[in-house]
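This is the structure, below, for whatever I ask next.
Chains: A, B, C, D, E and F, in written order; residue numbering restarts at 1 for each.
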Amino acid sequence: MTMLDTTTEVLSTRYQKSVADYWNKEQDPVNLRLGEVSGTFHHHYGIGDVDWSVLEGPEGTREERTIREMHRLEGAQADFLLDQLGDLGPADRILDAGSGRGGTSFLANLRFGCQVDGISISEKQVGFANEQVRQRGVADKVAFHFRNMLDNGFPDATFRSIWNNESTMYVDLHKLFAEHARVLTPGGRYVTITGCYNDVHGRQPSRAVSQIDAHYICDIHPRSEYFAAMAANNLLPISVVDLTAATIPYWELRAQSSVATGIEEAFLTAYKEGSFQYLMIAADKV
Amino acid sequence: MTMLDTTTEVLSTRYQKSVADYWNKEQDPVNLRLGEVSGTFHHHYGIGDVDWSVLEGPEGTREERTIREMHRLEGAQADFLLDQLGDLGPADRILDAGSGRGGTSFLANLRFGCQVDGISISEKQVGFANEQVRQRGVADKVAFHFRNMLDNGFPDATFRSIWNNESTMYVDLHKLFAEHARVLTPGGRYVTITGCYNDVHGRQPSRAVSQIDAHYICDIHPRSEYFAAMAANNLLPISVVDLTAATIPYWELRAQSSVATGIEEAFLTAYKEGSFQYLMIAADKV
Amino acid sequence: MTMLDTTTEVLSTRYQKSVADYWNKEQDPVNLRLGEVSGTFHHHYGIGDVDWSVLEGPEGTREERTIREMHRLEGAQADFLLDQLGDLGPADRILDAGSGRGGTSFLANLRFGCQVDGISISEKQVGFANEQVRQRGVADKVAFHFRNMLDNGFPDATFRSIWNNESTMYVDLHKLFAEHARVLTPGGRYVTITGCYNDVHGRQPSRAVSQIDAHYICDIHPRSEYFAAMAANNLLPISVVDLTAATIPYWELRAQSSVATGIEEAFLTAYKEGSFQYLMIAADKV
Amino acid sequence: MTMLDTTTEVLSTRYQKSVADYWNKEQDPVNLRLGEVSGTFHHHYGIGDVDWSVLEGPEGTREERTIREMHRLEGAQADFLLDQLGDLGPADRILDAGSGRGGTSFLANLRFGCQVDGISISEKQVGFANEQVRQRGVADKVAFHFRNMLDNGFPDATFRSIWNNESTMYVDLHKLFAEHARVLTPGGRYVTITGCYNDVHGRQPSRAVSQIDAHYICDIHPRSEYFAAMAANNLLPISVVDLTAATIPYWELRAQSSVATGIEEAFLTAYKEGSFQYLMIAADKV
Amino acid sequence: MTMLDTTTEVLSTRYQKSVADYWNKEQDPVNLRLGEVSGTFHHHYGIGDVDWSVLEGPEGTREERTIREMHRLEGAQADFLLDQLGDLGPADRILDAGSGRGGTSFLANLRFGCQVDGISISEKQVGFANEQVRQRGVADKVAFHFRNMLDNGFPDATFRSIWNNESTMYVDLHKLFAEHARVLTPGGRYVTITGCYNDVHGRQPSRAVSQIDAHYICDIHPRSEYFAAMAANNLLPISVVDLTAATIPYWELRAQSSVATGIEEAFLTAYKEGSFQYLMIAADKV
Amino acid sequence: MTMLDTTTEVLSTRYQKSVADYWNKEQDPVNLRLGEVSGTFHHHYGIGDVDWSVLEGPEGTREERTIREMHRLEGAQADFLLDQLGDLGPADRILDAGSGRGGTSFLANLRFGCQVDGISISEKQVGFANEQVRQRGVADKVAFHFRNMLDNGFPDATFRSIWNNESTMYVDLHKLFAEHARVLTPGGRYVTITGCYNDVHGRQPSRAVSQIDAHYICDIHPRSEYFAAMAANNLLPISVVDLTAATIPYWELRAQSSVATGIEEAFLTAYKEGSFQYLMIAADKV
């Protein structure tokens, strides 16, 4: 059973309320249509080479083929993330911070058999995901909570692994990693896949990055901030992979798809000019 | 005579090049038309109560009246900034960091009679301002330079006062204030008027603030960053004034004017929801 | 009803005991005589222009006129402080840290109707102020407590506003602001009016400043310390006003009055040589 | 031609002198015999799967086969390091910090055609490597210098890439990375392959790690120190790979070889108990 | 009666387990034989001039004389440590952190009559020491606990004095001093006698120091670390004495004794080359 | 020959000018009369047991005996300071920071034969001391300079030892130790004897300490500041001695002498109440 906190306690600033509002209202086909392919709903992007043949063949089913291909790529991203979580088994407990409609959480439970908690500041998403829990019959193992990842309410040293799949750009990283470090067991693993802006390109976000910020009401952090905030919170990197080249094909396909949201050009510009990077960081709790 | 540095040395990151590019191409009537009123060209916003009667009366000259009123308000802002510079006289030397087309620099020279240097990373703006120097016949007292404010090239302890009039959002504040502190005399005064986002509203910029960032390719800093970077660089606040309420009328008039650029709603939203503030900070070099 | 803690717990160092001892014994006419004018007893200085005509006219009532004028100026100071507290109403709760005989607390309750707590390490002052509570019949709204402002005993996020009216020079600012930040609500306002020594004059206090320190057994902090300690404790300045010029007339009048305590010359010397400043800082809890 | 600094200037502490002394005297077959296989002399370990068949077959040539296989593995390690250096061409200049007998430097020059400088605090190694320069006829492109990597004597922003191939355990990382950051061009790449002790196993080095320290008179740093020192010196990670599993086979083969030095068991114990890790970190100069 | 915690809770990393394992198995005559002289068992070294005549005279009792002399020197060291603890009486409570077989604890109880707690991560040592408590009949005043000094389990502000007699090299000093500061009363005294490596000799430990690390599975800290960690944890030095010259005679005698453990040469080399120092630091809790 | 800098460059703040002014005018018999005893003029206090018999015997020569005894005690203090300077010989060069009328400098030259530079911001004192140089015929070895110890003008790594004999309370310790560290050779020794206020008594100076501050226009630092500023500037303590008990007899004698300046009671009160301490700290440059 999930615990439902009150809105007042979960959302402490007006900024957080505006983000929650966005996601409560969000009905983007790019998330819903892709999720319907397999019944696993993601809120993140894809990686890997595109099978461009989906654009060829009968026009009537082109959209369906494209949607299916994009869903395959976002599945590949989630699989790559799960690869970094370390050795996990049914006895372990793990946390999906910013769990959206629950996709990665369900995949994690399937792979490791362990207990998964997901948290989100969108009550709508929490409700949607818990409905999926019911349908999938995994209520003994998977639960979603309406909670703020900066103050997650779990006891100290609860989780063997924690991840943020494209959900760190809404929060202060120092506060986030302090809270994650608190609830990780000693030696526990933290993994994030995230877009970050590239300090090498400039100390300030480029125009394209600010367009993405405005689109999602988020605040994309510089790459340096991730390492600084981890270091300050006893999260020690063990693996870092630059996924920028691997995610560009997904965006090129999406730009040509029926579910494009208009932000695709900003992503492609930002990635290609080098002002933005798609990064996986895995770290150990010391 | 001003010294002209080469583009390569002045612009060290791709971000800086994109900002310079923006300002080299910029021909916004909101800057040019207003400047033509008096021949003093500003690149900042206005403060003070609006004389709303300019919108009434004959339609044929309404635009002219509106432009004139907006120019009066941006002049009031520059005057307020100059009020904070401390006791200055002809023997002093002062710096306009991010000098645009030179407006505030010329007003400062007129008021104090002192030697003014202006710097900008837009060669176009530097050329325009130096042409104004020639026309005004103040080449012995005022000069504009194509230089980066993060590495201004002046000797240590050169200036009695330095200001940034809405030009800090393009740079890292720690680097900026370190450089300012280097060239200020002991006890010298630094003044900035700037838009900053309000940490109290949230640790992240709101959507409206990100829209402004994307419009100007800038990176609006949180209010806290100003005080943190000053403290780290021996700049000690002596006066702080929240000008948010004073600048809203300017934006309301501008939104209704012929020179609106489309960014007006973002400013008004941001100011009114409390996510953005228009601030004057004066500080002493210790 | 106020809660009375034991002396041992409230005063943790020998320094604190010596300060408490000073204020328990203090019977300075400059505080008592002025308080008797209106029944509101302050322990701070005044601001604003002096009506010098009080020194003229019949000698018999000159002292009375002078006392009355000084009381008017200290009232003006308290009013200015209250102006900075933000929008407050009857539902709010606020804290007067270092409340002395209670003057500013009563004025705040009168203006906003809100609940006011005052704290002091002088049991004598707490007793005096609570007797005033009884006489004024405001026991449902105002209470004074024998507590240490470094460990005030209130729950987290209790107060919408907190102020120190000339009481920060007895404590470590980092510890003080940490404790204030703890009990302020998010977005709450902190205000201090204080004398600080001016880092621009020198990194060390001048002789006159040390004389004031010795007189009051206090430790006047440098201006920089206020901003450093605020920054370290999530208190973000929104308004700073240098009141030095505004307080000098008060001291000039006081030096000629019957209630001069002998420390007046040190204040006037310090203010006029620039080694000491009278400052108002308002900040928001982030 | 290389510049030869005097011993006094290069070696500033007694610790450094003892390290230099060790390497000046070192004649370990594990370095010399393997180098003779191809004429490229390395001072680092190998990675990759072992062809265990080398231990089988005629006993007379077993040693030769083993040596050849170990040399293949250390070559693979050097190749992997070079893979991380970024896009380099003949116009670039790069630095091998702690260059030993020059192996990696020569491979880098072969692959990229760029100008390579190597530095070492062992005059013997510098002499050996420069003799190789002469024999290989690459004096126009490769040079070795008797210099301290903490004070390398090169002008600011000289190198496009710098690496330490197992040579960071002799120095303070903060000083090292400060010096590297100084001579890297903006956006330049730094790469290290190193053994570090694992903070997750314990905040202190294990016995096996201390045995390695005593053997080489080195000071193996914790993993956390690398990220802390990089962060403090504007070196921003872009790729991190844990090579521990990949280097264990090399050590297992070496333990059975004729060139074992006696330290093999300490390495194997440390790697297998998890107290020690073999790590590649690539970072960008911001 | 002492409280016995479970092994799992006391030993939180694998490093700690290996240290505990070492001391659980340890039966070094240098500790046991010397302890048997007087029934007071130490685990630290000695200071003061040696009476070299013990090596002369009848061979049959030479060993006994030598052992007795070494025991006298380790007693002198313990006495010197106790001299630094400040004014203590029967009403005070003090802590021996890393209490070994209990020697210094018993001497402290004898001298001051105060209540002494000793803690160790070796269950064997704790058992041995508590057996001594029983034999000495001091169970009302002295108790030993199986606890980790980084998380000692005592309430805040419990102890008037705390010491580490050669037991700081097993732990992170920042964590240790944070925990000590927590349980010290305000104004309480902390004393350590320790071997530290000398930053002046080099930023890295010498070979001899690493040999000592490997021997004891410890991590000898640099001298600078002690002062840094104290400063960070409100422990303020009041007395520092370099005991290096005073401990060398003990090691020279021990090297010639029957209870030498083989590590003597490393100590003598390290002390004499200046890479290692034997230091007493006394500090006050602020 | 000494180099004379201009007043403007040496004294950079108004505070420094007021301190220089004080010492330029100072003609305290407690310094001049005592100095005349042996021709060695000190500006510091004494340590050691007093021979109280000086107060007995013929009244006519009592004053002379008392002065002589006080001079003996200040000589003992200087001797104790010189004991801490390390092994020095004629080839070494050392610095007396805040050299007053030159007493300690001459004693150092006598003891070690090495080259001594003294610096002071009082031109009068520098002149007096250089006149002594002439009279003593040591111009080849001893020189005094009108310089600011925060910017001493000597090349890097010039001095083997530096000391401040009661002269650190006029300056910011962080700036002072940064400058000292700059001009010390690696491994060089720094020594200070100073009065500091005791953080254990309270975070703020007591009334008595502030009276001393006002008397000398100085700013007595807390004990903690010394260790913090040393740690921040690579000065590593090796010896710390609390001299408070040893200096009290000097003050008791002085209070009864003809050369008492009126500040004696403040010193005795401060030392005896524990709010003030007389400390020797010796540290090595790392």
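Going forward, a residue touches a chain if its C-beta (ideal position, glycine included) is under 8 Å from a C-beta of that chain, and two chains touch if they have at least 3 such contacts.
What you see is a predicted model; the values in this text were computed from it and never measured.
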{"item": "Length of the shortest touching-chain route, chain D through to chain F", "value": "2"}
{"item": "Comparison of A-B and B-C by number of C-beta pairs in contact, larger one", "value": "A-B"}
{"item": "Chain centre separation in whole Å, for chain C relative to chain B (CA means)", "value": "38"}
{"item": "Separation of chain D from chain E, taking each centre as the mean of its C-alpha atoms, in whole Å", "value": "39"}
{"item": "Approximate Å spacing (C-alpha centroids) for the pair chain C, chain D", "value": "64"}
{"item": "Approximate Å spacing (C-alpha centroids) for the pair chain C, chain E", "value": "51"}
{"item": "Overlap residues in chain E, where contacts from two or more other chains coincide", "value": "13, 186, 200, 203"}
{"item": "Of all residues in chain A, those that touch chain D in their complex", "value": "186-187, 199-200, 203, 223-224, 227-228, 230-231, 236-242, 284-286"}
{"item": "Chain B partner contacts - residues on chain A that touch it in the complex", "value": "13-16, 18, 170-172, 175, 200-207, 210-211, 213-214, 217-219, 273-275"}
